[in-house]
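Chain naming follows the written order as A, B, C and D, and within any one chain the residues start at number 1.
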Amino acid sequence: MIDKRVESCAAAVADISHGATVMIGGFGEAGSPLELIHALVDRGARDLTIVSNNTGSGRVGLAALIAPGRVAKMICSYPRSANSTVFPELYRSGRIALELVPQGTLAERIRAGGAGIPAFYTPSAVGTILADGKESRVFDGREHILEHAIRADFALVRADRADRYGNLTYSKTARNFGPIMCTAADCSIVQVRSISEPGEMDAECVITPGIFVQRVVHVANPQQESRLVREGVAYP
Amino acid sequence: MIDKRVESCAAAVADISHGATVMIGGFGEAGSPLELIHALVDRGARDLTIVSNNTGSGRVGLAALIAPGRVAKMICSYPRSANSTVFPELYRSGRIALELVPQGTLAERIRAGGAGIPAFYTPSAVGTILADGKESRVFDGREHILEHAIRADFALVRADRADRYGNLTYSKTARNFGPIMCTAADCSIVQVRSISEPGEMDAECVITPGIFVQRVVHVANPQQESRLVREGVAYP
Amino acid sequence: MNQDLPPVGWSRDDMARLAAIDIADGSYVNLGIGIPELVAAHVPPSREVVFHTENGLIGVGPPPPAGFEDPELINAGKKPVTALPGAAYFHHADSFAMIRGGHLDVSVLGAMQVSEKGDLANWSTGEPDAIPAVGGAMDLVAGVKTVVVLTEHTTKSGEPKLLRRCTFPLTGRGVVRRVYTNLAVVELSPDGFAALALAPGLSLEEVRRWTGAPLSDARPEHVRNGE
Amino acid sequence: MNQDLPPVGWSRDDMARLAAIDIADGSYVNLGIGIPELVAAHVPPSREVVFHTENGLIGVGPPPPAGFEDPELINAGKKPVTALPGAAYFHHADSFAMIRGGHLDVSVLGAMQVSEKGDLANWSTGEPDAIPAVGGAMDLVAGVKTVVVLTEHTTKSGEPKLLRRCTFPLTGRGVVRRVYTNLAVVELSPDGFAALALAPGLSLEEVRRWTGAPLSDARPEHVRNGE
């Protein structure tokens, strides 16, 4: 029987090792897999490359992973946001590398990674410093740059519901990067608020088919990042 | 007020002119917009380029458009199927052109057309005659070929439900090419079995957001292609 | 009153209203973070405009009443919003397929600088210790049919934002169609900046003084004469 | 009985059973049109295998009872199927993202010809008046982790399908891992075809007679000795 449920966040991330590339879902706190990230903090893996739209806020979640210097490199579109102090500090002192990618190009590179497309051309960022050093080519009279797929060893994603096959639905704008990250990692680990029996989820409304998911962890009452930040909580 | 409903199939296709490129949804009869295609037959437009996975069967639907010589060129993956005689006849006598595309490459080229990606690399068809004359390039030690986006002037698609915004849901495997074709045409025309009030469709389960749809036609009781073929019906 | 500071001119809501008036009925629109967010509230009631937020929602509604915020229902500025009847959620690749694929009609963005060629700089000052953060702006200017800018005419200290050439790193080249500032509505013509309207009480000369590039007069004849 | 025709060997169901036994528990599998479709019915009951059809369904179930066919619920062969609990529907670009992206474990395909290098020809005879139709085969062989072939050992007239080199247009180069025929189970080894098992009553020599390339013996020692 196929059953991708894992008993805890700790067990789910137990084989994420030094040097791994890890995609982390979320747009700000919406869809950020806080409990999985904290399990990764506990796990202690170093020299990570993290692919995520932001860099976390306060001293919890992604910021708590970055703070102790576990992340060697961030690939993201927007490392600066409200209450984001951890990344800027490390970046200014040269202790973390940054690959800045336009948000749509980031999404498309991840989607390409999951879809077996090694590279594609895009008009985004043409004529800007983010196109510096990139191959360019004219299609239909317009300049485009070549962008390469991104894949990862692991993806940490938060969804709303799952069944034992790993079929997923999400909640509102917390969907964001989750579905594409699940497709682009060798091992996609998903925390969900609730578990359904197979068949309870409408097959027409499954957003991520289970084939893209390797592990599911039930976190019934996830913490809310903005609340922890407001309260000044630091993890661990 | 946004209201994309059009009163009839005839009105919906009234501006499809000679020489147009038209995407037609469906995988076999599943998702084939039979009533819209018949309206296009009535409309009389010639020299069409049709993008569709198959070439129709019997003498109805896409086959009825091809039979009178209205289609100059087919872009498809599988022009040969049960009860498909119209296309083979015209093809053998040199009266219709064929661009044969692997099904996944066809889907990805359409998706690229809708997503503003002019070209991408794929491993599909490498080493085969369908890669002849195509640019190739090695990524990660493996050969890939460059494929270009496909766009169309019009898309004819069959979905299950729509609202006045053009939001769509589909039925089972009749979804197939519909969602991507809606994104890749300047004007996407969709026939649906039922019309919903805005908000009746769950925003989490909308498959094609209305932004990709220009016209919606209500066809409450669509004909079933295989039945017409069995009964020997020829359109018109 | 400091003589070296520009006049106040239109309020932010005035600017947003002017931008909103130019958005056609039935348009699909993405609003950038900051002043552009005000546009939604000023769409004339006779028109239906659908708002898209790149983090995965089309059919964005007004902010929820206090106490009804949902941290999983936010806009690109990470502020709580609502979803209107007829809304749809989607993932990031699909969201940027909408943007890059040319499906959106209007993108309203903020700006640090706009050049007379329509170049836009709105993501980085390029200073060595700045944390560069680009978000979706480069995708929006590359993909959306019409890109307009909503911004103060100058920086707080009076430096013009409308320039012959941007000095900050660009977001895109030749992408801006129109600029709504507190002093004027300015179109990007083949010959550079052209004023379509001025804030009440201002002369073209006054506005030119706070503009870092030539500004031609494209106001209707009767307005010009009545000046 | 015609001496020039190959032995009957295994039935199609036998072949499908042999292929099914080699599919690991928990695998995601795409079945090609024709004999491969039989594999689904032969998965050992102790295993759970999820079937994908490229026209937009994962979790394909058995055919519906007569009278319960739904023309909108079909497989890639356009035959009516059912959807099991835990199934999901998706569009064609997402379906081939699964295929091309390497998410499927096994693709079971039919074949016209297989070469000793693992080249597969299964879509066209290349004859001038043939209507070429490729479907999803080229995507499947390019993307799925393990590609196996289920086919009669020869054509109806006894021409071998396992050859040194394919003469028909290729579907893919060096893609086939294993071939299940009515006469043998054949692995593609670095040195070419290697027999893993023979149909009951057949000798290696007999099978070699109907094979268009060298066929080495990779059967377990005890089977070989017991021949």
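Note that a contact is a pair of C-beta atoms (placed from the backbone, for glycine too) under 8 Å apart; a residue touches a chain by one contact, two chains touch by 3 or more.
Only a predicted model underlies this, so the values are computations on that prediction, with no experimental measurement involved.
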* Have a look at B-C versus A-C and report the one with more C-beta pairs in contact. => A-C
* Separation of subunit A from subunit C, taking each centre as the mean of its C-alpha atoms, in whole Å -> 30
* Asked: Just how far, in Å, is the C-alpha centre of subunit D from the one of subunit A?
  -> 37
* Shared-contact residues (touching 2 or more other chains) in subunit C -> 57, 83, 89-90, 93, 96, 99-100, 142-143
* Shared-contact residues (touching 2 or more other chains) in subunit B -> 108, 111, 115-117, 122-123, 170-172, 203-204, 207
* Asked: Taking chains as nodes and touches as edges, what kind of graph is this: line, ring, star, complete or other?
  -> other
* Asked: All pairs of touching chains?
  -> A-B, A-C, A-D, B-C, B-D
* Spell out the part of subunit C that touches subunit B in their complex, as residue ranges. => 26, 28, 48, 50, 52, 57-59, 83-90, 93, 96-104, 142-143
* Contact footprint of subunit C on subunit A as seen in their complex -> 27-31, 53, 77-82, 87-88, 91-92, 98, 100-108, 110-111, 122-130, 170-180, 207, 224-226
* Residues on subunit D engaged by subunit B in the complex (per definition of touch) -> 53-57, 70-75, 78, 83, 89-93, 95-96, 99-100, 129, 131-139, 142-143, 169-173
* Structure fact -> So, in the complex, the side of subunit A touching subunit B is made of residues 108, 112, 115-123, 139-140, 142, 144, 148, 169-172, 202-205, 207
* Where on subunit B is subunit C touching in the complex? -> 1-2, 111, 113-117, 163-165, 167, 183, 197-199, 203-204, 206, 209-212
